[in-house]
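As written, the chain order gives the labels A, B, C, D, E and F, with residue 1 at the start of each chain.
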Amino acid sequence: MNTGDTAFVLMSAALVMLMTPGLALFYGGMTRSKNVLGTIMQSFIILGIISIEWVLWGYSMAFGPDHGGVIGGLDWLGLDSVGMEPNADYCGTIPHLAFMIFQCMFAVITPALITGAFAERMKFSAFLLFTILWATLVYNPLCHWVWAVGGWIRGLGALDFAGGTVVHISSGVSALAAAIILGKRLGYGSTAYIPHNLPMTITGAALLWFGWFGFNAGSALACNGLAASAFTVTHIASAAAALSWIILEWIHRGKPTTLGAASGAVAGLVAITPGSGFVGPLSAIIIGAMAGLICYGGVLVKSRLGYDDSLDVVGVHGLGGTWGALATGLFASKAINPAGADGLFFGNAAQLWVQFVSVIVTMAFAFIMTFIILKILDIVIGVRITEEEEVRGMDVSLHNESGYSF
Amino acid sequence: MNTGDTAFVLMSAALVMLMTPGLALFYGGMTRSKNVLGTIMQSFIILGIISIEWVLWGYSMAFGPDHGGVIGGLDWLGLDSVGMEPNADYCGTIPHLAFMIFQCMFAVITPALITGAFAERMKFSAFLLFTILWATLVYNPLCHWVWAVGGWIRGLGALDFAGGTVVHISSGVSALAAAIILGKRLGYGSTAYIPHNLPMTITGAALLWFGWFGFNAGSALACNGLAASAFTVTHIASAAAALSWIILEWIHRGKPTTLGAASGAVAGLVAITPGSGFVGPLSAIIIGAMAGLICYGGVLVKSRLGYDDSLDVVGVHGLGGTWGALATGLFASKAINPAGADGLFFGNAAQLWVQFVSVIVTMAFAFIMTFIILKILDIVIGVRITEEEEVRGMDVSLHNESGYSF
Amino acid sequence: MNTGDTAFVLMSAALVMLMTPGLALFYGGMTRSKNVLGTIMQSFIILGIISIEWVLWGYSMAFGPDHGGVIGGLDWLGLDSVGMEPNADYCGTIPHLAFMIFQCMFAVITPALITGAFAERMKFSAFLLFTILWATLVYNPLCHWVWAVGGWIRGLGALDFAGGTVVHISSGVSALAAAIILGKRLGYGSTAYIPHNLPMTITGAALLWFGWFGFNAGSALACNGLAASAFTVTHIASAAAALSWIILEWIHRGKPTTLGAASGAVAGLVAITPGSGFVGPLSAIIIGAMAGLICYGGVLVKSRLGYDDSLDVVGVHGLGGTWGALATGLFASKAINPAGADGLFFGNAAQLWVQFVSVIVTMAFAFIMTFIILKILDIVIGVRITEEEEVRGMDVSLHNESGYSF
Amino acid sequence: MKKIEAIIKPFKLDDVKDGLSNIGVRGLSVTEIKGFGRQRGHKEVYRGAEYQVDFVSKIKIEVVVDSDLASEAVKTIQEKAYTGQIGDGKIFILPVEEVIRIRTGERGNSAL
Amino acid sequence: MKKIEAIIKPFKLDDVKDGLSNIGVRGLSVTEIKGFGRQRGHKEVYRGAEYQVDFVSKIKIEVVVDSDLASEAVKTIQEKAYTGQIGDGKIFILPVEEVIRIRTGERGNSAL
Amino acid sequence: MKKIEAIIKPFKLDDVKDGLSNIGVRGLSVTEIKGFGRQRGHKEVYRGAEYQVDFVSKIKIEVVVDSDLASEAVKTIQEKAYTGQIGDGKIFILPVEEVIRIRTGERGNSAL
């Protein structure tokens, strides 16, 4: 066991934990003030509910002893035999518990990302059920496929350093399903859904950026050159995407916006996630810069396609994650990570294909499962709040609270 | 000396430092907007005043060479002989200064916790004097008794990994004394003291949660399996308490609130603190879940008993800390920490008794001392602001400032 | 390579990264609400632009192989040969990339500090150009002179542990030049520029304090006794300065303010920066306490001298940095850092002279260069927004956004 | 000239404004207010303590019009602000003695 | 019908509202305003710079009542808003020509 | 007595207040409002979606004065709020029937 590695992973876990409240602020600031608490609450309570789910059965399903490449066994229910010693499969130099709790934070933030799609209109009870079901039926299996020893997508040789498929594509695509099933917010098309507190949103973006160092560099699960490299490319891609987003919007709309800079930064972080342990700094600039452009486009397209993905989860996480996963197949280099693979630009076209397959499988699986879960929930208990609740706002209607009282 | 351990403890110190501003936001958001700065100021300036007190005499009183189990000697005044080398008694693998500054952050946050009890109505000068006296006469001795080599409560075998008695019970019980002496806010019973900015409160709760990883896991003073375990149970207990609080209030009041989720999370963090280095994950779920229920009850009872503990320090820290200290006597297990002890549920009823004694002693000592200090201050300089100052708000009255000017 | 050292430096880099958004909040809260986004945007986008500049040519100019003591070569353009292995010159125990990215965060925050001087009135395009030019022509050379192997100021024996000259004096003096060239805000003298959101400012100050642990302690580039010492004195100086500032203003203006406490804390952090690896805790109390007094005075003097340094960059960073650099020449002690030097109070008057020279050189260089850059920009594209834009506010005028919409 | 003050539901503001614009009203002023009336407020709960909030968020529109236009303006507001639910609001008509445009010094109808 | 506008101290709002309710007033509107008057404002200090804030936070209550009820309403406000300190505020009475309830189209007293 | 309502540009508030003070006005009330008029609002853009904001921030000053003082007050406001740009605002004069000072019960001019 190595104290430096352990310190790094535990601190990374703390940083990743902070991303979920960061996301709460990022999303909360973009809603109207009558929904600020309801929006924040969704992220915050996921910290509660998924952490318990993960300890009780999630971790075991995801990382427990493999069954046919499809799912982990229930041997580790309630963290049984997950202890203070390293686990040779996942973390040779740090306590098994450190790996478990680091992964816990990933399991938490993923469903929290989806909440942006159905912001301002989902029932709280339906939301809680959805979250538990989604974690159990979508996240845990997918996590197993991609990251667990024996997982079938991992077996294909797909590269996903820190969660491009597991976290971002899965949440982005599920967001699309959710936006479709939930339907549009009242007043869609006529009401201006203007962000009520952009400084809050930018604060959230900053905490996301900060936490993402833990997310990506921590995924090295050790504190070595690779961690430093992942840390570096994470920062660079985010910077490049913030710039490319505002430049594009400057050209397109005449002025660069602060929300654009923050959105771009997040898009860059999303896109670099799968490749963060496999690509070098110049590749990171390209991946990031492209991410800013692609996600800007993705956000624009939304209004054409007519679904109300309120806070652009599809455009940012879905598209950004997809670009990132494919870009990993382009820019990955064994010079950066000998345990990885070379991408197309380093002579290995096959990798891009593998990445493509992993993307498609993730998309199909997440979309269909989410659609089914929400459809059933909608039939059984209803997923949407009443018109009157929506007009009054979630804060008062669902939580008997008001965000501000200056 | 071990670089990994040192990195872990220094970063933990940074995290714990952030808890005090986090607390400022947590409390500040719950007050009325005319008192937001006055409330934040109390926590913020404690960072200034207690850090200096700690360096000059506090650390020496608390951890300096023992005198009769009661108090540390003055040998380490001004950090004399507290240097870059490890200290065998407290931190064999990290610099003595690292241990000192880590402990400094605990000395800072403890009196800051009390400020919630007398929010919106205490004189700034009296508050400063109170803080210095309380640190010197309550915190430093108590810290010595429980944590210093030779301290008499430590000698009894009481377990307090990260400050259940020293930090939470002491502040919670002192809060009760303060609420009694300060009296109720103007308009108590008729005015609605509605939180002016709940997103601020939740941001504060998130920073507390984040910092608490440093608080509890850092208390391992090394980065090993025990640190990972403490980190894990901290997270779990907080999650469980956030859930149990909102479930109870859902049943009791018809709707789950965001403030409830945040309050529950804090209650869970408080409760797990003393046992964080001694209990396993399933115990943590129970400790946390019970903490949510107990503290919810404690907050409700307040209005029956008629003291105005404005921001519920007694209900959350007093009760939560007490439950945590006793729970340590129930759930502690040598399987988790061989240097600890077994609790009642692991066959050692004696431990519960020892915990009980440490709780009672802490309560009695902190309550009586705080009562005396405040009584004397009240007689000598007066502790409460004038009616007009209270109506105008602390910000304008005490600090010539306004929080917001949109 | 050492995992503990690496974990410490990478986490420190993450903390320093967070300082720039922290600064955005610190500054943003002090402006009027119509300029909150424009102000935040300047810091935020510097994270984007300078990170890319640093990777492409900045790092090479600053730390690349020395040319005549004046500038680094272009050998490391695009991080060429900056890899996962340690670099013997700068970081024997951590990956070269870790050192590079840690330094990147310094390069980012320095120009961000300047933005306080021209808050509420600078053109966004001119601001971007200025930032790139300033980084290239001022920061990179200065950084080379002071910190690079072969740099001529370093050669003189000047001590600057974490950036008193490179970061604070350079930004403070450049701020003066900028305030002069930009001119006063509309309504100067008659309009009250009251901070619109002081809780935001204090949150920013707290994040700065938190991040500064990474800034100063991380500058040890290893996790040892010296890091613990730097961490400790950083905290102490900030605490002392927060106190001395509010005491002085209590005497001078009749009441202590929250903004004063936050400003003092930042002043203390600035002042301890150059000496943080060379002075002991009692010296830190003096350095901090004096910083609070000096910077309070500096801020007052501003109105006499008649330039509109909107958010007091000159008073806090310029003066505070100067005091800190000189104080290092007074209080430095080889007992703390054998690799350093003794200061005047430890028998070595020469050190004060060297510090003085480094201060003067930095001031002259930064002031003149900034003046020239801005003058040229003003002539070529104009640096100031129109009157109408200024009246409407930067948010709407420059970014098509509004900060709040409650 | 008449001053029309209308208390309406916030989400009806754009409709009312556009309606008034269409009938030739060239300016109006809008204030956020808290209304107390037949429409009940809501309950808020903070840490177990329940507060009844009697006030409901409303928008007050103030528009000064030529007397001839007044009744049409009232009709327009009535139509555009209507939902049929309790709390739709009120319209008050007050007399105005004089109007001055600051920029030009014009008075009376031409100042509107 | 009369429109009564009362400028009062913010913490008196609930008392005044309840008092008016008790005498049969069924609706009113409340606005946060800044008042300038005999009651002095306060000083604010930011980094050594002193600003005199002349304005004091006040609440404006607007209530339209049947002319018969006006004097009782004024009396009620006077009583409930009274502290005896400078800054207690003013009551203004203005004529109202017509009232319309948006929901029903009722006019006059029955619209109140 | 007359009630003067002036809609002005926010940054002119201090000038207007001081001007009115100088001619003997001893109190007034200020409200932040959103104005719609000839002065155009601005565009806001959030993630590529464009919104036209028609409303402009304005300040409404309400001051009740003795009828004799009314025209001087209007003149003062006209002067002090003047910039010559579109959007300088309007002044409305309304009749007031009675004024009461809450603290003393005084009525009429002496209550001002």
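Keep in mind that, in the parts below, contacts are C-beta pairs under 8 Å (C-beta built on N, C-alpha and C of every residue); 3 or more make two chains touch, one makes a residue touch a chain.
All of these numbers come straight from a predicted model, not from anything done at the bench.
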{"item": "Other chains in touch with both chain C and chain E", "value": "B, F"}
{"item": "B-E against A-F, pair bridged by the larger set of C-beta contacts", "value": "A-F"}
{"item": "Same-site or different-site touching of chain A by its copy chain B, using the half cut", "value": "different"}
{"item": "Whole-Å gap between the CA centroids of chain D and chain F", "value": "18"}
{"item": "For chain B paired with chain D, centre-to-centre distance based on mean C-alpha positions, whole Å", "value": "51"}
{"item": "Sites on chain E at which at least two other chains make contact", "value": "31, 44-46, 94-95"}
{"item": "Chain A, residues touching no fewer than two other chains", "value": "2-5, 7-8, 11, 194-195, 197, 203, 253, 255, 257, 259, 400-402, 404, 406"}
{"item": "Pairs of chains found to touch, sorted by chain label", "value": "A-B, A-C, A-D, A-F, B-C, B-D, B-E, C-E, C-F, D-E, D-F, E-F"}
{"item": "Of chain E, residues touching chain D in the complex", "value": "3, 17, 26-31, 64, 94-103, 105, 111-112"}
{"item": "For the chain C and chain E complex, residues of the former touching the latter", "value": "192, 194-195, 249, 252-253, 255, 257, 259-260, 263, 296, 299-300, 303, 312"}
{"item": "Interfacial residue positions of chain F with respect to chain D in the complex", "value": "2, 6-8, 31-38, 54-55, 58, 60, 74, 77-78, 81-95"}
{"item": "Touching residues (chain side chain A, partner chain B) in the complex", "value": "1-8, 10-11, 13-14, 17-18, 21, 24-25, 28, 36-38, 40-41, 44-45, 47-49, 51-52, 55, 78-79, 83-85, 94-95, 97-98, 100-101, 104, 124, 197, 200, 203, 395, 398-406"}
{"item": "Residues of chain F that touch chain C when the two form their complex", "value": "11, 14, 42-46, 53"}
